[in-house]
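Here you go, one structure.
By written order: A, B, C and D. Residues from 1 in each chain.
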Amino acid sequence: MATEHPLVLPGDTIDPSLIPTHKKQPLRLGPGLRHVPPSTILPTVAGQLVTDLRKNSMWVEYNGGRYIPSQGDLVIGQVARSATDLYFVTITPYTANASLPHLSFEGASKKTRPQLLPGALVYARVTLANRHMDPELECVSATTGKAEGLGPLAGGMAFDVSLGLARRLLMARSREEGGVEVLEQLGAEGLAFETAVGRNGRVWVGSDSPKTVVLVGRALTETDEKALGVEQQRKLVKKLIREMR
Amino acid sequence: MPITITAPKAVRPSYATADNASDDSGSDSSSDNGADLEGDIPMTSSSRRKEDKSYSIVTPGEVITDDPQWMRGHGTYVSASTAAIVSSVAGTITRTNKLLSVRPLRARYTPEVGDLVVGRIVEVQAKRWRVDVGGSQLASLPLSAINLPGGILRKRTETDELQIRTFFAEGDLLVAEVQQLFSDGGAVLHTRSLKYGKLRNGVFVAVSGMGGGGGVVRSRRQVWTMEAANGAGPLDVVLGVNGFVWISKHVETPEALVAETKSATTGITNLEESVSTTMYSSQNDRIGIETMREIARIRGVVTALVENGLRVDEDMLVRGYHEAVEMALLSGGGADDIYLGGERGEQLAAALTGV
Amino acid sequence: MPLDTSAYSLALLRVDGRRWNELRRIHAQIRTQAAADGSSYLEMGHTKVMCVVTGPSEPGPRRGTTGGAAAGASKAAAEVAVSVVVAGFSSVDRKKRGRGDKRNLELQSTISNALAASLHTHLFPHSVIQVSLHVLSQDGSLLAALINAATLACVDAGIPMTDYVVACTAGSTSTYAAGDESADPLLDLNHQEEQELPGLTVATLGETDRVAVLVCESRVQVGRLEGMLAVGVDGCKQVREILDRVVREKGKRMVLEGTVVKGEGLEDMDLD
Amino acid sequence: MPREAEPSLNERQFILQALQENLRLDGREFDQYRPLELTFGDQYGVADVTLGKTRVLAKASAEVTVPYVDRPLDGIFNIATELSPMASPAFEVGRPTETEVLISRLLEKTVRRSGALDTESLCLVAGQKVWSVRVDVHVLSHDGNLIDAACFAVVSALRHFRKPDTSMESGILTVYTPAEREPVALSWLHSPFCVTWSYFGDEGEIALLDATWREEQVRAGSCTISLNRHGEICQIAKLGGTPVEAVTLLQCTNTALTKVQEFSAFLDRKLAEDIKRRDKGGLMAELSAENDR
């Protein structure tokens, strides 16, 4: 991975050969990169430079820092309090709360809407995020009117993971691209559980058996803290399962 | 804040066994008037209950019953381990059908819908006032729950919101009714009746209220007009259920005014104009010196009742007032003697309970 | 060592003439201040404290108190804010303790946490129960006296609670180094004993053996703990008895005077 | 003041539910500590303690000052605790929180009042010159159980510390630099350690050792017991919280004693290792070589 994704530091010059060129599409810059006219591209954070030739885009992968909401992200928020027509939801501690309208749940109307107590967890999508306003969330798709897996999270346990792991878990092909397989392996071992991954670095794990939840949580946090590769993850899962029995 | 620490009683060994001690305490506390009353109270105590139980005083942590047929009410909790109903306050047991509750000897006022309360505005917000009614939380009085000047049926407008302080400002006293309760115990008040509204021309006394203990009790009439002695004219008394009392010079109630003016066939709008001008006035009318004196005397009666541990209701207050007038006449000072503290108060209380 | 312990082994009497399992005289009153929601005055020997409880009420501006410090307005339960003022004349050496004194803060926090565990604070959201304690005279067992006074004042204020939180101290005649098995546990230490002997303060929830507060600030062999704890817990039961009697007498007087409507006994109800 | 990030309802419920089933989030036993690590600095008197993700640094230092008027024969010994925003955003500089006050009181009672350091030995000239020993405790990372970690760090730092050697000759006090004379250890009487129990459940029936920050936020009460390996209680602090059966407290004390003995042995081993490390071809080797001859 390291060879194809070179390490960059803020202010490094990027080898022009790494910049993807595409005939038709314009070059798209992702997080951690800055365009200085006329034609310089500078990294602004330390991390691995990733390029996608097909989409003609590039960005810097980095692990750490504080989550900054961006539109369309799935996050796990914690209800701080309820106002007359919206909930104030904490996405990350010590930052301004996001707002989640009472009516922004599947099938919610003035009379039937979920009653959430302070401290309840919700899985939500960021609908508005810019640096001048507090973020806004929704728990229902505006186009279809369906929850699509969003909404209040009942029971279970939320674990804190690094932002990098959260992003890797959310990748469509987390094994191939993100190098995380731990959840699949746990599932393959016959454990029944469900998860919800928030881009803000929280993973919710629900299961009927608290044992399973603890096991999944430990597997995730250990994978994260020790930056385990796929093979090591496999070993870890085997070890944990053995311990549990 | 008066500090009354009475001298310690004769030294008695505190570490005496429980049996001795309860004997001791029995003779100890009932030395003055308790001893002769004791006979009147039926001694229903069963063998396993202590002598104190005949007064049905329960204290925190005391098991009331472990019979599962009862339901727990206020002032009790169900013990997690034994499923018995246990008292959580010191007070007396009351029961309503199968519901057991303990009325505390004294507590802060807990609002109930329909209570008539006297309150003080402590905060003015955009669309509501926050009112201190002596409870655990401030009550709120929405702008929409008051009579707006210029007609009771008028809708509230933005202008009203802007001049919210002209109706009630911080420190104003008002009489209102509890309209609604929140699940967390907060109360919403309203003054949408001509008998409610801003208070003036009088004096305020705070005694303990309906949370428990002495002071004001819920009764048939909380508000009445009484004829005062010594040529003072009629006086209004408002006993808020929350223990806040208001005594003022009687002003013709707006209703009476309405009736009068109606008979005089004046236009109704005209009348309401005149009502509304006075409704939110913070200016006292001229009050005669006699009236002031009698207001002060009633206030003295209220405090004397409370100091001597008597309840405050219409009957007690009216009788106490007449007694106080008598006492003043008998004493050297004549009608001007309105002092009812100390021994005088005790004398008054004795006269009232002696009947 | 000013405390003459030699006399103890001879007559089994302590410096003030008590036996090992005897409390000092406890005198308590409730409703001492008419203007307060709840108030109490308590003497344990020569330790004298006063307590005033205000609330539960809407939090206002406050200073010099500790409780759930991070309390916000949106709390689901009432906060118990305790302030302890030690009068400068309360002890022999007229020392003034400032508001920021760490020992004082620890006392406040201990009392606050002990009460909060018994009081049904969840019944009063968004509110504060303000407990002000004043130490008028100190002669040992200060924390115990403060806890007892605070409990009484809370009972007087009619705040629902699981049970009384009652406290007393216990000590041991052994010194920390000596592993003598013959050492006797002592109940309710006075100032002199507190200075010289190992001791602990214990507060229990009513008559149960459940310990809400256990504070030991002196060196003692681990083997002595059990004896001291047992004596302390037993002492708490005695204290509860005494405090309960105070409350009952007050209630009885109120019933007799007609302030409170007499309760309906359960006797006649047992039938249906 | 920034508010502490509260755990969500789900987390609260789950932690309690799991504890009912004898499960801790990190898979530990109820009476098991997280891995305890201790590193000494190059300087004398610096101890860096990590307990899981909790990390505490303690540094001991000494200077010569004038003693207090009322205690002319005693040296001065202080413990300064600092909880900075580095450990948690909820801590503020310059305004001690309740946690900070309670920690410093506990350390004070455990180490200072229990007489672990012989303050009389710090006296140089009665009433005029004494050593003032100070330990600064810095919490570098906060993941629960600060008290045990801080106490361990303080004791380690003091045991490791060497103060400059001094001599008195005909009324002249000389303080030697480390180059002139090897610094000397403090006169240490016993090593107390804190063991903190956290209680969960309505009746405090579940007792955990070494709770993490999450567990601490959910707990119903706690009790810190300070002991030395000889079985002497130096301090017990159960400051309120859910009432716990007296018998449970006694059991907790006994378990605490075994933990303290483990701590004690661990510290002794680390100190011995450190001496060996410093010794490589050093003064001690030379001296022993001389003796051989």
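We adopt the following convention: a contact is a pair of C-beta atoms (placed from the backbone, for glycine too) under 8 Å apart; a residue touches a chain by one contact, two chains touch by 3 or more.
Everything numeric in this text was worked out from a predicted model, so none of it was measured.
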Pair sharing more residue contacts (C-beta pairs) when A-D is set against B-C: B-C
Central chain of the complex, centres being mean CA coordinates: C
Rounded Å distance between subunit A and subunit B, as computed from the means of their C-alpha atoms: 59
Centre-of-Cα separation between subunit D and subunit A, whole angstrom: 39
Rounded Å distance between subunit B and subunit D, as computed from the means of their C-alpha atoms: 57
Whole-Å separation of chain centres (CA-atom averages), subunit B against subunit C: 32
Multi-partner residues of subunit A (each touching 2 or more other chains): none
Junction residues of subunit B, two or more chains touched: none
In subunit C, residues with contacts to at least two other chains: 205
List of subunit A residues in touch with subunit D within their complex: 78, 90, 93-94, 117, 119-121, 153-158, 204, 210-211, 213-214, 217-218, 240, 243
Contacting residues of subunit C [partner subunit D, same complex]: 66, 69-70, 72, 102-103, 105-106, 109-118, 176, 200, 204-205, 208-217, 219-223, 225-226, 229-230, 233
List of subunit D residues in touch with subunit C within their complex: 1, 3-4, 90, 97-98, 101-102, 104-105, 108-109, 113-115, 203-204, 220-221, 223, 227, 231-247, 249-250, 253-254, 257
Interfacial residue positions of subunit B with respect to subunit C in the complex: 1-6, 8-9, 11, 13-15, 18, 21-22, 25, 28-30, 33-34, 37, 41, 44-46, 52-61, 64-65, 67, 75, 77, 86, 88-95, 102-108, 132, 135-138, 184-186, 211-214, 306-311, 353
Contact set on subunit C toward subunit B in their complex: 22-27, 29, 31-38, 41, 43, 50, 55-58, 78, 120, 123-127, 155-164, 205-207, 238, 241-242, 244-245, 247-270
